[in-house]
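Residue numbering begins at 1 within each chain, and the chains themselves are lettered A, B, C and D in the order written.
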């Protein structure tokens, strides 16, 4: 029997559900040296947390995350709360010697992210591991894209075109959920989905952004108040309206340290685009294109072959990243397994005693890009170096 | 607490893995009146069955399916073996008063399928339920296609174009696995994947085939022998070659009882097509198109709207079949959840005391189509009525 | 100055317009040893023919095609009439020593086509050239497909999937135009568009059909009468209804002399498909896919390359067939230039004193396939060898 | 007989060829009150101009554009030269009372464009017409997109995503053609193709840009010298290398006067993208997407319909802009007919005595955007109002 590693998860909304699915299934597909045990779920309301735990498969419940960290049956803390609590929970967990996987964006401010990265660095010295949950890195097609770039199949990278397009708040009567409040969410489309394309672009190209110029906009300034609304769906209306304090859309252009130019757009107002995380990369020898709405496909153009053209690689072959574990070719995966792969990689690193990636330091770098975007947007779009 | 229903699964290869995934996850997403308990897995080799049970989450192991049926903790039998054993296991289970879900094709011969349908009919009179596992009916996009036709949004159906294209045996050195032996598999591409498109076409249109004209072919007549090869991947070569005794491809044209014409093609030699179950339906008011390689999309053309065109419906909205249970729009599902939905529907029917669909009778109807295809192909492609 | 070759065109409806466009523009793009002169247009109504000639650029008008053939300024006759007059005109022209390009299908019956092929053969001995106008061979993407197969890039061909889908008579009130009358059109979808996919399939694979099994159907049996209706658009209604005497759809399966299986479908009832001539070819080393609705694209899968997938070749590069003459890459061509290329090839052959392709003999072969389809459909779908 | 209008064209390279094609064919498809006569072609080399005239169908040749303007048989001047000569030729022609159609960008500097717009305005008062040749407005799909926005089918516009991606100079050994020299071309990708997406975005949305923030880049700083190279293809190498003095790529973000945000990218380094003029527009009620590489398709999402999704409208129906004149549905057009439509609209305006669109004033507005992009890029990407 493999050693068990007890997991405590804080939060059980959208991300809590996806992470639970990952913990529940990872060992059915991946042969890991440790076996995760879904030990405890923390949520403020005992009643609701207990219902969620029953549904999602957690053995116990706590109403205070501090208690969760304190438990002996928890060796690993999974943080699925809004961004305003990430720093406090993560730092406490790391100091208590618990491995930490934390949802993105790492924090709501650069200062918090710096403190977290420092805590992670100190913890790592003590063998305690941490990872920020940029799950889209674990889409097999995006992992394959990274491999292609790393192998030089694109040559010198010239262009990155990254968009994350959603439309769930196009209706001005959609209520003022926590994701539209700066104090909880930190920012709007920028931090929620813009963070993903910044990370994906840097991950796939292996280059870091060196500066940006940006504009942001809030199209709908006020929305109906509601309570018990989780991040994506509206709860019950309470009457009255409140101010939207985050961006609806963020557009920026930038430069990478390897010479590439980047164009970025994150918006919740792209009517008809549901979860279109799109990435296109052009290099001197080839190009790549990806759209999460067709997540099992990677489009690759190899300029060096005769009669070249973008080809649709169905990323479901045994040789493709993560795919050895799954179904026969052509039998695609769904969204949730980005988390299964994330958890797999985190557990493998914990068991091997190595630092998983992306680290809190990587998360901090993304946070700095988000902050630079906000500064540029507030400062006449002026070029803002990183 | 909801009542438990004990599940016993026979077989643990490809289909066993997908069904296990469904049993393990169904209650995390669907609110059902009963809770399945993964009680026991049966396989001939105790060692291998035990390893599979541990990996897939089954509590116990049997080496004889008769023992599995006999157990008190088993109220429901899930048959994931090759087609040559379906009839015997299913009939025994039904007679023992166990609900049965059976992989497709229902049987290897019409005679077996008839016996199974009769047993199912008798069992139903005693409140024992049965279902044949045409999982593709539970792709949300295909269920939505059925809804569109049933609502009249396509008008009178004129054409069905159904293809199931794979390429996993294009290489003539791919070994002689059981799926290429008539005595175990019954037929080749015809029964394995042709059965799916016959069922899908009849399900979506609500029409039954009334006759067919067919050709079949075995492109590669001999292949290397191998042992321990499961259905899709080759095991270790044992030296020597053996005869391929099933079809590599089956093409047929037919007529439906509502007046539509159908064109069908099932092949394992469509190089580059991995799991392309494609369905196109043309009616007097509109058309539909689907390809499983992009399983979260349904293409719909509404002739009655101005500036009409095929539109890509991302079948991930709460109002779409099964999708209320899942992630936000645009966060697609993978192959495995066709089984999660299947199990959900079966459990719901069992709990409600209603007959699930597709029934063994439906499976028998498909079997008769497969037999007619083989007869026509053997008889100068002559029209073969059903 | 290059020698002029006088062209006389018979008919000025849809095909007459496309051919005129080709004659008018060919020398602006292709460097040919002869220059076509648009000498004379023949049509039964002098008034209408004169109007068409003015619009389309023809220098003179005749009301009897026999006069057109007789003229000294006509060295080449272009036949754009319905199929019932092809044989008479073509044979007369060839006997008069005029080169002939004749619209497809070559004739309305095999007997006529045989007479035409014989006349063509005799004329060829005297240096008089003839060609049947299967224009889709001259889509650059289809010509490139042929090149790929000829070069062995697909290996051994296993499957051909050919469809020609239109929807212009889905409305039962669309009138009874000549294309729906057997005495003029010979057959319906079969001869009009089915002929194209038979030719395209044989051309691309380099294989000939050896037998077929077929069904045909006329969905709408009666339609409003109309006069002055050309082939595709309805003229003015005259009251009353008449019988549709041709097929609305034809489906057939067949075998090729190189071992491939073929599935064919020609229909005018595929709602939402406007001019979807689709061809998919699977071979042991690769596959091809084409849809005329995206005529500048050829999809090619090369099984021998790593991370293979169907790639979209934009067939607009200088090295692609016919494309040296045109715009820079990515600036696609339209439908009409299939005719420009056809005329180019015909003039080049005439000037070189070689036999152009496809010959009347090729047209006869297609005619025999059409006849076999009709015989099989009338004879219980029985296998009908060629 | 309709009155003739004599056309004199200056330049005969790429644009000269496309315009010639338009003049030669426009009356075969469109019923216009005037008939263009291809009177005279001007080029500096008499020999080459004469060869081009013979090939393209021009009746006479001049070696000095001033002579062309002076001729009595020229009532309309078509300017197809590089941007550095536009102002001089256009102003002289307008002053001589000749109607002028001028290639884009209108000029190489704002000052020149202002002078041209002023000359156009004065000429208009005398009944002399002028138009700048933003041909992509005349892609039927783009004209239909404009119609949809104007009809309110998209609601309030939120986002414009405009890209013009080419790859013809990815190879660093591609020579230093005139399009890479600032003194002739004015700018690089920005003026050549960026001008098109600025115009298309403003045209489709009916909104004007109010400010931009930009970066530009020249990836390859030096290239081989060559002579006789026209704009797109390299001539013969002369030895040595010269400096590239224009941008290879320009990225900018901006705001429109109706509240929309815009993201723009023009590049000649998007490997595998040949002529991908892409436009995506998101509004509160719907969205549009277009890619010139599939020029006969417009993708439209109507948020107000049930089961919404982007639908592929084949813009080949009689009711679509310009399409009444052409082939049956599904028989697409090619690149060249953007010019045929342009010439049609210009002739119609000239005949009707109305001002055609886009005017030189519109061309000036685009020029100001290009200048603002360059200023912003040179000034730390600072926001640059228009």
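Note that contacts are C-beta pairs under 8 Å (C-beta built on N, C-alpha and C of every residue); 3 or more make two chains touch, one makes a residue touch a chain.
Only a predicted model underlies this, so the values are computations on that prediction, with no experimental measurement involved.
K.L.:
Chains shared as neighbours by chain A and chain B?
P.N.:
Where chain A and chain B share a partner, that partner set is C, D.
K.L.:
Among the chains, which one keeps its Cα centre farthest from the Cα centre of chain D?
P.N.:
The chain lying farthest from chain D is B.
K.L.:
Whole-Å distance, chain B centre to chain C centre, using C-alpha means?
P.N.:
42
K.L.:
Hey, how far is the Cα centre of chain C from the one of chain D, in Å?
P.N.:
A distance of 35 Å separates the two centres.
K.L.:
Nearest whole angstrom, what separates the Cα centre of chain B from the Cα centre of chain D?
P.N.:
Whole-Å distance between the two chain centres: 54.
K.L.:
For chain C, give me the residues that contact two or more of the other chains.
P.N.:
273, 301, 308-310, 314
K.L.:
Any idea which chain C residues touch chain B in the complex?
P.N.:
Against chain B, the touching part of chain C is residues 158-159, 161, 163, 165, 167, 170, 213-215, 217, 219, 249, 251-253, 255, 259, 261, 263, 265, 267, 269-273, 282-287, 301, 303, 308-310, 380-383.
K.L.:
For chain B, which residues are in contact with chain A within the complex?
P.N.:
Within the complex, chain B contacts chain A at residues 14, 17-18, 20-21, 24-25, 27-28, 55-57, 166, 168, 232, 273-276, 292-297, 314, 316, 327-337.
K.L.:
Where on chain C does chain A make contact in their complex?
P.N.:
144, 300-301, 305, 307-314, 317, 320
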